[in-house]
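Chain lettering (A, B, C and D) follows the sequence in which the chains are written, and residue indices restart at 1 in each chain.
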Amino acid sequence: MFRMPLPALRHLALATSLALGSLFSPLTLAQEPIRIAFIDPQSGSFAATGNSAYQVLTFAAEHYYNSRGGVLGGRRLEVVALDNKAAVADSQLQLRRAISEGMQFVISGQSSAVASALSTGIERHNERNPEARVLLLNYAAVDPVLTEDACSFWHFRFDAHADMKMAVMADHIAANPAITRVYVIGQDYSFGQAVGAAAARLLPARRADLQLVGNELHPIGQVKDFTPYISKIVASGANAVVTGNWGADMVALAHGIADAGLDLPVYTFYAAYDGITRTLGEAGRNRIHMVHNDHANPFPSDERRDFTRAFEAAHPELNVTQPRLVNTLMMLVQAMEAAGSSDPLQVALALEDSRLTTMTGEQIWMRPQDHQLFAPLHVSVHTDEGIEFDLDRSGWGLRTVHTTPLEATLTPSSCQMQRPAP
Amino acid sequence: MADALLFATLNGLVTGLLLFMLASGVTLIFSMMGVLNFAHASFYMLGAYFAFSLSQHLGFWPALLLAPLLTGVLGALVERYGLRQVHRHGAVAELVFTFGLAFLIEELVQLFWGRATQDFRVPALLDFPLFTLFGQDFPAWRAFMLLLSLGIFAGLYAGLTRTRYGLILRAAITHPQTVANLGHNVPRIFMLAFGVGTALAGLAGVIAGPVLGTWPGMAASLGSLVFVIVVIGGLGSLTGAFVAALLIGLLQSWAIASSVGMADVLALLGVSFPPDHPLRDLWRLTLPQVAPLLPYVLLVLMLLLRPAGLAGNRED
Amino acid sequence: MSLLRLEQVSKQFGRTRVLHAVDLAIEPGECHAIIGPNGAGKSTLFHLISGLLRPDSGQIAFEGKPIHGLPSEQIARRGIARSFQISQLFTRLSVFENLRCALLWPMGYGCSLRHLLGREKALNARADALLDELGLQALRDVPAGELAYAAQRALELGLAIAGDARLILLDEPVAGMSHSEAAQALALIRRVTAERTLLLVEHDMSVVFELADRITVLARGEVIATDTPARIRTNARVQEVYLGTGAGGQSDA
Amino acid sequence: MGSRKAWAAAAALLGALPLLFDSVLSVGILNQMLIAVLFALSYNTLLGQGGLLSFGHAVYFGLGGYVAAHALRLTELGSIGMPLVLLPLAGAAGGLLAALLLGSVSTRRGGTAFTMISLGLGELLAAAALILVAFFGGEAGISGDRTAGPALLGVNFARETQVYYHAAVWVFLGALCLAAFRQTPAGRLAMAVRDNPLRAQCLGYSAARVRLLCFLVAGTFAGLAGALFAIHNEIITSQALGTANAGQVLLMCFLGGTGYFLGPVLGAVLLTLCSALLSDYTTLSTLYLGLLFVGCVMFLPEGLGGLLVQLHARWRHGRLGSLARPLARCALPTAALLLSGVLLLELAAREGEVLHVAGLALQAANVWSWLGLAGFGAVASLLLRRELPALQAAWQQTGAAHISQGRP
């Protein structure tokens, strides 16, 4: 995909010419576009999400800003996709490319490993090269540590982290008196482990008769058949399942539960979009519950409807799967306009404590203390009834059944941020 | 506990037999050609994808027949135009070729079908619970998988012992030179064996695709496991592969059903660790947590203690 | 004391009895040949002595110490070298490298990490001398796998005699050679093993009777006779079980 | 001494490269290249020299990297004060230790058994890295600040070029050691055991011991490369010891040629460049790498290094000229065939997009686009089939002449 202007020239330069090294040096002209590096997988197994996120971001930049005269008095926003193949080493390389080409903003999200590498990488780069600082906008990596012990001044997170989402989920579960016995199962890595630990901590605290009857971890991507796990869930007498699984592990788990004829609600974080909704289909009906900050069925606002329709008209094969990408872009532009410049330090300072009304009409807030975004969180259910905005062109979609207001999502943070000297 | 054990056993059998369908192909190919086919599970994946696409136009049952055939033809072509070319460069090159092929097939599948899990479903005819025990359904499809794998095993056994081609195949397994000297076209037999082996893998893919998921990672997660089975069973031994496949299927299933953990074992020994001990992750391990990794542990142990495998007689 | 002594050595593969209660004594300095029809167990005997196989029962002693059950490298280090019926060369290494590898242990280098081969003058000189001796100097840098058959056999022999082993086992050293090549090889064998003890398996009776001081006849895994060539020639049992197949024993195998 | 000149030239090249390519990105790519070169060289010590095909060599790279990353982190926290220049030694020690532990069980036998154990251990370690959070740091991995340690002659390694030169020195030394290892008795015996373990045993060498020694050397330098990786990125995650990384290094060695010391160097340089740059032009970069790999195994068993050596030999004997004509006649159809193949794949990857090539607008939805490309490719392949035998014959002929000159 010829996503970037003149790539051939640039790399011929790198590969063959010696003197053209200066091509990489940053250029900042007044009407120069503001280039945003989007470091996410564009090839390999995780590319689907990265591709569609890139399209949403590009479309939003066009729709809201470029078609209306740009930002900061006429500068265009240009999103440049830099493929990191979901790997840490490639992410570091793409960060260097972004720096080389004078990009000052990096948006990234898939995989907490990548986010953590980019966050520490950028922190050190900014410390060592104060003249060419970079800002990281994380739209999806939810390892709490990124805004807790490992927080960085140059990192802003626009998604709720795992513990926040688990808290909302716990509220929702506790509000349903029919649920007394909960089984937790997850992939054996940071996120799955975090979900398990948070569930064990939060659920019994919400309601006295709510108990955890299983807390199981399995190696990620290694389970061929989930039926043995389903048997254990049955044997435990659980009446709800909580899982942090995503991808094929999520689909297989949901199908296993449906095949075994279990009528259990399943509480999840990543059980939709990019083919999963279509594949789940009937097996997920009223069973799959998902915590996220999207809220689309019924459409909460005309603006959200217009944006979605326009995007789907331009990209018939895609959905607006992660509207928080639009929030990320909007908050970034708002901060730039407030700072009156695209200087990362000024923009970062303007981002802190900023508030925004999103296209769904909700208020969101960037907490200055740890650079964690707070927004109303929703629990939605997988269904084909009352769905105006379906996913994967399947007729199936997510209908909001529970909303936790922004104030109720606030959690304390252990972040001790090193702030740059003014 | 008894109910969990019963279901664990049933599921272990289903998985074990499925694994055997793959392992039998790898064994057949290894015995004849001395090639460990790393890409075997990729043909399993292709079987599932072919069946998915075919079933959208022709319905499931014709796909059940056609997809393995298509896979087998593709496998034969790979042998004829790929492996035979590489054979001259030695065993390492052959293994590396199939390794690269596995990688390539995964990429091609992603190119043509996309990266998401496909909506490949059990046919309506068999989409009902066969029986319900202790509150859990046993789907009719799983029973069908069980029967079909047993049927394949019986068919393979009969084919190898009763038919002329089977006799030549078996002879070629043990004495390839002699068979060639007797005037049989050994390259063609090789191509046939590769075709049959990959068709079996394709069939396994067709019946497993709807329940285990049809997605680009389905081969990678199974490929190494099939290898492990063939090695544990003893390279070149069908019986060994059968025993090893069932063993691993059941072992994983039972391990998941259990809830024994290191902490329990240590408690029995009267040892305990503070929660922030550097080895805390180790003593928190439970058997179900590591169940999918048990085959690899078994492999390493086996190669250390009995390098020839359960029923193997070949050293290398 | 015999240099090598086998007592009641037996070996079976599955149900097939390959060697049964073999007794054999090799005296220092002699050239001892083992003959027998195909399948008599000659190669198996060599494998047992050199440690590639283990006897099911019985004892093998070298210089009075038991060696059965030792791994083959240990046996080699005690001073038993061997050649193979089918050449076993380091195919991708040059002829010179092959010989140099064979000299590393005898010359005390072992698996050293401290020496650089290019700088070891004594080692290289000896490998070159060996090349001359084998008549392979012209093929010095050709990979062993690309050699013609006769050159391969010469190198095979070279690997067996390179060290200073006290006992050398040669498994059909001239098989498949033309008359002139065989004569050359024979002269070479005689020259390099003059001071050493030689145990030989050979089908070519002219070679056997020319080289051997003593001959052991093996048939169906059992020793039928051990004696001087002259008396073996006239031994009635040998005539009966063996020479009948060899048409007087004078033809090439 | 020709080889001494070659090493001096290599050193000069290493010194000059960052002066020629001085952007942050190019120095970053050069750094990755250096690390890949050392990793590939260590892998080829195992594969090319020892004949041991491993699917788990990334384990030693990763563990070496983790040891270095922990040392980096402890230095940053002030617990220890290890100068950065010594970290690679810590990584090498980590690699050696891991190779000693795992190698003593896996090198008892060569061939398929070794490959299988390496696969099993590789999968186990990769899975364990996600489960055992205390040492491997979970998904986020272990990170540290490379500037935290005591500065050396005023160099604090904040700048990329400083890190580059640091890595260059270590990689140069590492390559020198590995080249020297080929010249030691142990290194030469590794080749002997590769070619014929049976014969090696009958000459008094324990094949298992030689293999273990070879394995230890490979593990040590993989650990060294891993440490350089950790220093360069200032972070290491479980991806470093995963199977994908192990496959990558196998690809490098086969691409460059396992039979030559410089083969893996060539492969590492090419592959690093490809994977860094290819993804800008296409989303199918991994597919092309896979095709390149399989094609290389099928048609260039000696790798690009082998091809270059053959070409060089023909050039030295003045026989390159007779190859020129058939080569030129094959070049056009080959290029056309490759072009049509690439365009077909690109077309398949882009639903709903239009591909503009040479004034033509190709579209996935348009049957004629497909048919046209397929036809173009078919014609090219027919032409190639006609021309190829001449090239093959010429190649054989010039080669035979060369070999016969090497013989008496």
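We adopt the following convention: a residue touches a chain if its C-beta (ideal position, glycine included) is under 8 Å from a C-beta of that chain, and two chains touch if they have at least 3 such contacts.
Bear in mind the structure is a predicted one, so any value in this text is a computation, not a measurement.
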Co-neighbours of chain D and chain A - touch as defined: B
Farthest-lying chain, centroid of Cα atoms versus that of chain B: C
Innermost chain, where centres are averages of C-alpha coordinates: D
Leader among chain pairs (count of C-beta contacts): A-D
Chain B-chain C separation of Cα centroids, rounded to whole Å: 47
Euclidean distance of C-alpha centroids - chain C vs chain D, Å: 43
Rounded Å distance, chain A centre to chain C centre (Cα mean): 73
Mean-CA-position distance for chain D and chain B (Å): 30
Numbers and ranges of chain A residues touching at least 2 other chains: 47, 188, 217, 219, 222
Multi-chain contact sites of chain D, meaning residues that touch two or more partners: 127, 131, 133, 284, 286
Junction residues of chain B, two or more chains touched: 289-290, 292-293
In contact (per the touch rule at the top): chain pairs: A-B, A-D, B-D, C-D
Interface residues, chain D side, partner chain A - complex: 20-29, 32, 127, 130-131, 133, 138-141, 143, 145, 147, 158-160, 229, 232-240, 244, 273, 275-277, 279-286, 350-353
Contacting residues of chain D [partner chain C, same complex]: 180-181, 183-189, 191-192, 194-196, 198-207, 209-210, 213, 259, 403, 406-408
Of all residues in chain B, those that touch chain D in their complex: 36, 82, 85-86, 88-89, 91-93, 95-97, 99-101, 103-104, 107-108, 111-112, 224, 227-228, 231, 235, 278-282, 285, 289-290, 292-293, 296-297, 299-300, 303-304, 307, 315-316
Sites on chain C touched by chain D in the complex: 50, 52, 71-73, 76-77, 81-82, 84, 88-93, 97-98, 100-102, 104-106, 109-118, 138-139, 141-142, 146, 159, 162-163
Chain D partner contacts - residues on chain A that touch it in the complex: 1-4, 7-8, 11, 14-15, 18, 21, 24-25, 42-44, 47, 51, 83, 85, 87-90, 92-93, 96-97, 99-101, 111-113, 116-117, 120-121, 124, 128, 143, 145-146, 150, 188-191, 193, 217, 219-220, 222, 316-317
